[in-house]
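Could you have a look at this structure, given as structure tokens, before my questions?
The letters A, B, C and D name the chains in turn, as written, and every chain counts its residues from 1.
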């Protein structure tokens, strides 16, 4: 199969290349651009030098049509809204890593993203690509809205215990922490090494765009309107997300029940690893891999359930899950090309 | 004035030396040990080489009596319980940086610390040294239990808004993050650079020793039994604590009311800096200094108050506050010897 | 093919597992221990949890004989000297990642390593496994002494230009920098996060064990006695080595000649990437991969050749090169199981 | 005394404020700007909030004349060339932290800096402010060219042994490593956290601007034309420089002779600490302080002298030395306002 990437010069794009490059079903990776035609990606990323040319090709029909079966959009806001329909019309499957098509409601999108939403017709074609939960709809879809990095870590931990009714949906507080690569490749004062190293920052207080995405999908699991407090922070590291999730337990909940619930939910999903009771994951346990590791405890003293969920934001939180979705769409084994162990230490 | 330090070879100890060395009221710093007599501290810490000898002297009456007015105990658990009374009996004031004497209840101590508590008579002599709040009792005390690093950051943020009745005391969740220096000087797998760098860890889930200390002191502000969810994490940085505190707001609360409450509480306390509404502190903003910076927001959508409080765990969270307490005990200006600006970047 | 690892609980061991796990020719990975029988490696390394058991098995004939074709020794000094002959006698090929068998001279070994050397008979059976240069002898050998991490980075850069006579062999100064993972898994004051972060250290001044290994192998390329100044430093990062190499140029040398010489030497070796003139590699360009990237310049003003060579110390500097040698011994494609792109950023 | 700072919004500027703020002889710190009049520096740097306003004032005669005795220029290239004479003409002493006035030769400046040099008349008024070596000329000067960060670390180590004739001046190779703060406050791809963390970089190969400064000053010590190979690298840390210096020893040189030479040179200079033979400094040993720590060894095997010199690039390499020079110009104790211990860990 031949695939295309639009937006290859961002971190999501190069991470797609890292995995697609060793994917046994992929024959060629074609890179497209609307602004940097002819540029060699290896000029920006010498780590890619391996014999392939990685030349950015113009984003025109002649270059795409009949050449690629699936296109990954690893692009800034607004690009997917613009190009997805054109790609779909050429019979190309689209996996969109941006946030353009995740929210069903245009008004909610516009409230949180402060920009114009995609057309409703496009939004309606999109399937939310949380691989472990939406397998059937993903398989029959031509357009995937790949989940955000925070929502991935959070939903994978919350979905089972919410569905099982083990926590009070009104009580959820999520304190999330991410490495800097989630902020992308463009330099800024916030991610300037001299001001980010030996520093820990809180940002987007009560205003992060992933909030409505989390709430929309939690509702999908529970058929209830759920509001969450979601608060991200920036950690002086490059890769990794930990979401620490707090919720009140329902009567009778125990650590064992929570653990069993999670274990059972993912028993056929090799990328989700539930840690033994009393054991909690660290972000480095999933570094560079598509795993999501989840630990859980119930604190009887305060009646609080504590979940800790870790992913590599660029893999399970972006490129890895996108490829997992491509695998599902093609009815290949879910983990094809993705079964690498974490890089440790 | 002449002071002594027991436990100078730990990080709390060397941080005391850094500040006492430039304190205008201190004539001599005397280091005592029960196990390393005659050792030069500069062998462990060449950064201290500045003409002073820093020789560790034996911990015996002849060396202390009449030689020092105040002794700082920067020692592991159990040492203060053992030595404090002996020091007090010699007319020496004691400032204890360990956790031995902070909890009023022996049984709570033993539950959380998993070791024998200090004697009740000793505990009763101790004043909890949260400088900004307990000034009067500190001034008249001979024995200070210097607050823990997490409790300092947390209590300074919570005390005003709890006292003012702006939040629901039953709803408090504290997600705290600390640099590694809080774990002390002894190497361990957890703080091994290869496993701590590019890593973010959760630890002590629902079991951290600072929990009962926070709860005891919150009760002191409110005369109510308060239980908090307190969850610490380890950040790949050396210095700094951020406590992100979540609580439900009472009816009518606004960001402005919260801000005004905090601002007013600390208007005469130069070490506590309340950040403008919408502005939040970073740990590096207080690096190496005795400041505590606090930001606050009210999220109407979820009715949650969010407080972020940052300190340098070794300064305001340990040595700095200890010296601030020494200043208070001597009726010197609170900030004597402590008015250094943060090291930035 | 079935392989065994002795010393799997060290960083070299887990890195072998990461690559062998996805090696298409490997059927099973068997872990052996003389002291931790029955222990699950996943207890130490939860990142490995992927369905495999990773149980440490006893190091006895019954467990090895007929079970494994090749054994990797990722062990502390002294272990290979003891076990290699026993393994060879059972018809098992041995790839030794320790420094026990690299030096031909017992007395030089004992001078630099300050411990007893392996037997001469064992040393004589060992082939120095610098994959790109010793392919023929590696293919016919049963026992490989896998090169040290620093020597790998240094020899790959120096060998071509020394052989081509472009630099003065008497003038070589090597200033090397390494991440902390080279120091292994055991915590120490040196690699304690609080003292290693925001710190840069020099160590082993003029006494590092890799010095005689570098000199021995340079002699192999030139048939001349060569002495080098080799000085390592410790960088606050986990993975990566950069060797900056200085030497006086011979008359007529230019950047172009140096570049051409390197380019030609490695034109059939895909793991060695020579950077364009004026472009220099960074350690992150090879992170997690088996590449060695080399940059070169000639400074006419001072008549000095400057080479910068980077590797991932745990991959090309240890586990990756060991697997590359296994590939050569089996006449498989050199890069089998190793063609992963670097993890970037 | 009242002082002014032009360029206060850069890292050199805020570091000046940190030290001047606690300097016992300084009454007021006045900040000037030609482009940001009225801006509060605390908007950029909330860590400075301490009651002072830090308002940037216009750079006009009325604001300066009679208001300030000394002005520090912590400005980008070209600014000092433009403003220094104007300041001097108003009877204001000038301490220039930029590189504009360090080189005596305009043509050498233009070759290395690739921009127009300052006027010769201005250059001739400037004294090179290497505090420990040029005390007399500094005291009688109105205009100080404050040394570059790398030259400071390097010259302090090399001057004594070169003057004593212990090394061969033609053989000097300097491999230098710096934290990122030397690159200043402006974000760039090079200092983007995601690409700088877990990375080690070489830069400015054989072309760094500090090279002619080092050579000019070495000549001042020896009256010989000396060329050095100077090669800087970027370390994933914020503060700190280590220069590792290699040179051939002259006949009869020993570690002891080198040590004695250094020790004697600095016996009356408290900021320069010579480490015992066999002991080497780390950058963290001087973090946040004005110390320069130097270690030395002689490697008989290769006849090479190895010197390692560390400073905090923003203190002894910039703001600290500038204040030290101000102290000298005013005949105050050299260390006034600068005797802070390093921040460790």
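Operating definition for what follows: contacts are C-beta pairs under 8 Å (C-beta built on N, C-alpha and C of every residue); 3 or more make two chains touch, one makes a residue touch a chain.
In this text the structure is predicted, and so the values were computed from the model without any measurement.
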{"item": "Pair sharing more residue contacts (C-beta pairs) when A-B is set against B-D", "value": "A-B"}
{"item": "Chain whose mean Cα position lies farthest from subunit A", "value": "D"}
{"item": "Geometric centre distance via CA averages, subunit D-subunit A, whole Å", "value": "46"}
{"item": "For subunit A paired with subunit B, centre-to-centre distance based on mean C-alpha positions, whole Å", "value": "39"}
{"item": "For subunit B paired with subunit D, centre-to-centre distance based on mean C-alpha positions, whole Å", "value": "36"}
{"item": "Set of subunit C residues in contact with two or more other chains", "value": "11, 179, 181, 194, 197-198, 236-239, 284, 287, 345"}
{"item": "Chain contact topology (line, ring, star, complete or other)", "value": "complete"}
{"item": "Residues of subunit B touching subunit C in the complex", "value": "11, 179-181, 183, 185, 187-189, 191-194, 196-198, 236-238"}
{"item": "Touching residues on subunit B, where the partner in the complex is subunit D", "value": "11, 14, 17-18, 21-22, 45-51, 181, 197-198, 238-239, 270, 273, 275, 279, 281, 284-289, 293, 339-345"}
{"item": "Of subunit B, residues touching subunit A in the complex", "value": "173, 175, 177, 179, 194-195, 197-203, 205-206, 227-229, 231, 233, 235-240, 242, 244, 246, 280, 282-284, 287, 295, 297, 299, 301-302, 304, 306, 308, 310, 345"}
